[in-house]
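Presented sequentially are two complexes of subunit A, the first with subunit B as partner and the second with subunit C.
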Partner chain A sequence: MILSTPARWLLRAAAIGVLTFVYVPLLLVLVNSFSSSATFTWPPPSLTLQWWQVAATNEGLRAAVVTSVEVALLATLIAVVIGTLASMALTRYTFFGQEAVSLLVLLPIALPGIVTGIALNTLFTQALGGLTFFTLVAGHATFCIVIVVNNASARLRRMSGTVEEASTDLGATPWTTWWLVTFPALRGALVAGALLAFALSFDEIIVTTFTAGPGLQTLPLWIFQNLFRPNQSPVVNVAAAVLVVISVLPVYLANRLSGDSAGAATK
Partner chain B sequence: MPSVARSVPVTPPQQAGETPAISLRGVRKEFPGGIVAVHDLDLDIAEGEFVTLLGPSGSGKTTVLRLIAGFEQPTAGTVLLRSRDVTAAPPFDRDVHTVFQDYALFPHLSVLRNVEYPLRIAKVPRAERRERALAALATVRLEALGDRSPAALSGGQRQRVALARALVNRPAVLLLDEPLGALDLKLREQMQIELKEIQRTSGITFVFVTHDQDEALTLADRTIVFSEGRVEQAGSAQEVYERPASAFVAGFVGTSNVLAGADARAVLGRDGSWSIRPEKITVTAADHTAPAGWTTAVGVVEELVYTGATTRCVVALEAGGVLSALLLNGGGNDLPTLARGQDVRLSWRPEHEIHLM
Partner chain C sequence: MSVDTTLTPGRRVQALLHRRPALRLTGLLTPALVWLGLFYLVPLALLLATAFFDTNSFTGRITYGFSAKNVVDVLTTPAYLLTAARTVGAAAGVTALCVLLALPLATYMALVARERSRPILLALVLTPLWASYLVKVYAWRILLAPEGGLLGGASPGYGWFAVVLTLTYLWLPYMVLPVYAGISSMRGSYLEAAADLGARPWQAFRSVVMPMLAPAIAAGSVFTFSLSIGDYITVQLVGGTKQMLGNLVYANFSTDLPFAAAVALLPLLVMAAYLITIRRTGALSRL
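Then we have the complex of A and B:
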């Protein structure tokens, strides 16, 4: 595309503005976690690892990180298994009500988190005897599944169905065909979906609030509760820095992966 | 490779008692929505025969192949492979391999691994697998490209890989669904010759779908002409071309040159529909007398279509009807100065008048 010089400058300025608005606060959080001052001062008087040490020995924070990782891993695992099956059903078979189901599967991503949260909360407390670690995992799985289904279905739709027919034609059972043909083609999309699902689950707070069992704290919940305690502020900065890294890394990897596999598919 | 070319394709005789490679008995296929793709089809294909299914788009050719391969279940009737009833058997339980129209190569496997695939499924040991896959690639002259990804091949090369992959485990039957449709004319003609050669040397039964009449007649021991889910005619190239059984076949295979109704009565003195192939018709000046015993009619040249080796001459007959004559541009024509609007006489031997059902 050829743009006039003023238009180019305008676009450049807008891009810089957006990036500044998003990333400067993030950078501040990261730098602050190394600042020797307990309150926010700019520039930091000096740099120290002191708050990271304090954070590392903070029991509540450590437990919250462990819970977050466990929940994200389990929710992702469930999402990958169910999401793969669902996307196979939606793209490789025709059945009554297929369109409706395909919409229903994707709906949780559009629903406000608070609605999902309240609905699940009602279900879990009224019908299933209360909130536990597993209701939290189930809550997270609802939106993680959407990510996996989306990624996997897109790949399956792009992949010609005759490739699987060719495999059965050459003597492979449907099961062997899945392992030797469908799964290898799907693998990249599944890994990317899993990474995104993990990142989503790791920093989720609304559904978490409504589905976490008593006493359970995820990292975002812990940050939220300690945010307004003045003496905790440097440690909160450390927690936020951890949250940023653990959520951004999978997104970056997923992006790299889908970029690679998309390139391979169109080569 | 046979060094002596056979001058005439041999039609395997349907000997009594010999079990056919494929038998369709009263096979009918209805799709949801009431579309009948195949009507009560009875078809025997002999062991080692090269059969083409010829018909316009939508006539049910692909559906017949998919019924044989097992991708579709017939609504009624039975499918037999070497007299085994496979009507309900899944595709992986049939000794039939298919060359798909879009080739359907596995994108994540190299060319060699693609060709090895059926052997891997059949649990052939690794070393033998490699050897046989390389041999199959050699028959399609691609042994040098084994390490390539299918994405890095041309259309013609992909086509050959698909063929090697379908042949490597020596199925009883090979099904080909318009396999040459995406290739340009030169490549298509070359592949036709190679396919014929491979079929002859391997002895595998080939069922080849095409909508191209020249391709069907060139390749096949027997051509089966389809229209709207029914067999219109089955026979050798010569039979189908020289003795079309219906107006549809006469029109679809070769140029339609039909006199019917009042025209037939006026020109031929007979009732019904009659077909005369254009190359059987001689064109002379209108005042020429036709050889004794030939049918003859005068008319006006409406159109002259020059196509290099031949000229098509379309003549409106005085008695009614239009006939095309095909003239060889051999330099020995009686009428070197044929022009539009000219009066001419057409004549042909009566035995070339084919009665259509």
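Then we have the complex of A and C:
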């Protein structure tokens, strides 16, 4: 398809239009965090760093960030261990029910979060004695597994299994082969998958609402709760701005580590 | 074997694993199967069962006996069915809008933009995906505020339009990425062949590009559709008084779990039907 010059210009204009649509709201959030007005006014009357100082010392906000980091770290750890093993099984073996297992791994992100959320809520409140910190971690780990599986499987498929076979033929034990051959090649993809899983868990709110124990507040839950409190809105604005800025990190790091952004395609 | 007795237990396990691939496979698969069974399949089964329980209206406790009351209620009350229809309609609208916006952007990225700027464009599309969901909805809440918002009097205000617009904004990258990958993979040969055979660009787009893009669009639509159909927070923030299925589930899960479970069966069934329909396009292997 040879595109004519007008077609190229039209496509360029459309692309600029769509990207503007994507970035204007994010810029608005950034600028808004420096506005001297406590309520939203546009343009901001003047710019100030005052709210950033207020936010930096906000106890509720800090506690929520700590909870979010703890949950995301644990969920990521579980997802990396389970996901790595599963991706080895899915790419290095053919077995009965392979497609079903792939689908099972995928389901927690292919089905709506509210279904996952209320299903887990039913399990925890009706069968396992209530919601705690660990039910929240379990909920997050469940949808993080697929991220790790996707990242690791993509790498394993591109890397031929013959190297591992050679290692086995030369007398290496399964552990030695994993440690000296497979793992070094897989490391980048695993770190990238872990980063994306962490970011996903850190931002999740729907499954979180249904699985967090009483009194637990992750950062998204904290923001949601304070969104409707006018006196908190400057602090919420700052938290929002910080989240916009740090969203660059997972993309940048995952890109550098895995050498491709394919894994990032499926959140 | 006599040699084995000199080996440490660890070595013996490894020797066994070495000889038995089936054992290795079992070891690799078991953690995932146990975890997803316990924390996904069992909960889904419990959800299904709970939809057929009832709640004692005095004590608020669940009565564990078969009752089709909630399911029948959900399936026969016009108000719930209307909510379901609106939810599916909104999700379909969001998906259509995402395709409409993703096609020109992805085409530009894959066919017009210079090789050097492609990774930058890709990063530009990816980054907003990792900006907080809540923050993005919040941004649209400010933008669309009927009074004192950025758009002022031109704002459509909170309602269905705002919901569809915000959800489209949220899930757009999920559509751009597979469509971009789809167009990139056919860059060159197919398109040149179409041109050599005399196809005009529009013709080539319709009869060569679109059929080949169908699986990519289907893959993207799983996310745009599924994420929209289960949403309740966006509706709460920019929907005004409007409600989607998610809001019904959220509003009832702590007081009447069986009813909330019965409502949750609707998005579950719709998504299951959707996944089964698009399975034929081969889209699921692209997720």
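We take it that the second predicted complex is superposed on the first by the 250 of 267 C-alpha atoms of A that agree within 3 Å, B and C clash if a C-alpha of one lies under 4 Å from a C-alpha of the other, contacts with A are read in each partner's own complex, and residues count from 1 in each chain.
Assume a contact is a pair of C-beta atoms (placed from the backbone, for glycine too) under 8 Å apart; a residue touches a chain by one contact, two chains touch by 3 or more.
In this text the structure is predicted, and so the values were computed from the model without any measurement.
Within the superposed three-chain model, A:W42 lies in touch with subunit C and out of touch with subunit B [touch as defined at top]. Once the two complexes are overlaid on the shared chain, A:L77 sits clear of subunit B and of subunit C alike. By the document's definition of touching, neither partner reaches A:A63: not subunit B, not subunit C.
In the superposition on chain A, A:V54 contacts neither subunit B nor subunit C.
Looking at the shared chain after the overlay, A:A185 reaches subunit B, while subunit C stays out of its contact range. Of the two partner chains placed by superposition, only subunit C is touched by A:A14; subunit B is not. Shared-chain residue A:V31: touches no atom of subunit B or subunit C. After overlaying the two complexes on the shared chain, residue contacts for A:D169 are found with subunit B alone; subunit C is out of touch.
Touched residues of subunit A were counted for both subunit B and subunit C, and C has more of them.
Residues 168, 173, 265, 267 of subunit A are contacted both by subunit B in one complex and by subunit C in the other. Here subunit A touches subunit C in the complex through residues 1-4, 7-8, 10-12, 14-15, 18-19, 21-26, 28-29, 32, 39-42, 78, 81-83, 85-86, 88-89, 93, 95, 101-116, 118-123, 125-127, 138-139, 141-142, 145, 168, 173-175, 199, 203, 205-206, 209-210, 220, 223-224, 227, 236, 240, 243-244, 247-252, 255, 261-262, 264-267, going by the rule given at the top. Looking at the complex, you find that subunit A touches subunit B at residues 159-160, 162-163, 165-173, 176, 180-181, 184-185, 265, 267.
By the touch criterion stated above, subunit B contacts subunit A in their complex at residues 69, 71, 90-92, 96-98, 100, 102, 104-108, 117-118, 120-122, 149, 151-152, 165-166, 169. Within the complex, the subunit C residues that touch subunit A are 11, 14-15, 17-18, 21, 24-25, 27-29, 31-33, 35-36, 39-44, 46-47, 50, 62, 101, 104-105, 107-109, 111-113, 119, 121-136, 138-140, 142-143, 145, 148-150, 169, 172, 174, 177-178, 181, 191-192, 194-195, 199, 201, 204-205, 208-209, 222-223, 226-227, 229-233, 237, 245-246, 249-250, 253, 257, 260-261, 264, 267-268, 271-272, 275, 284-285, 287.
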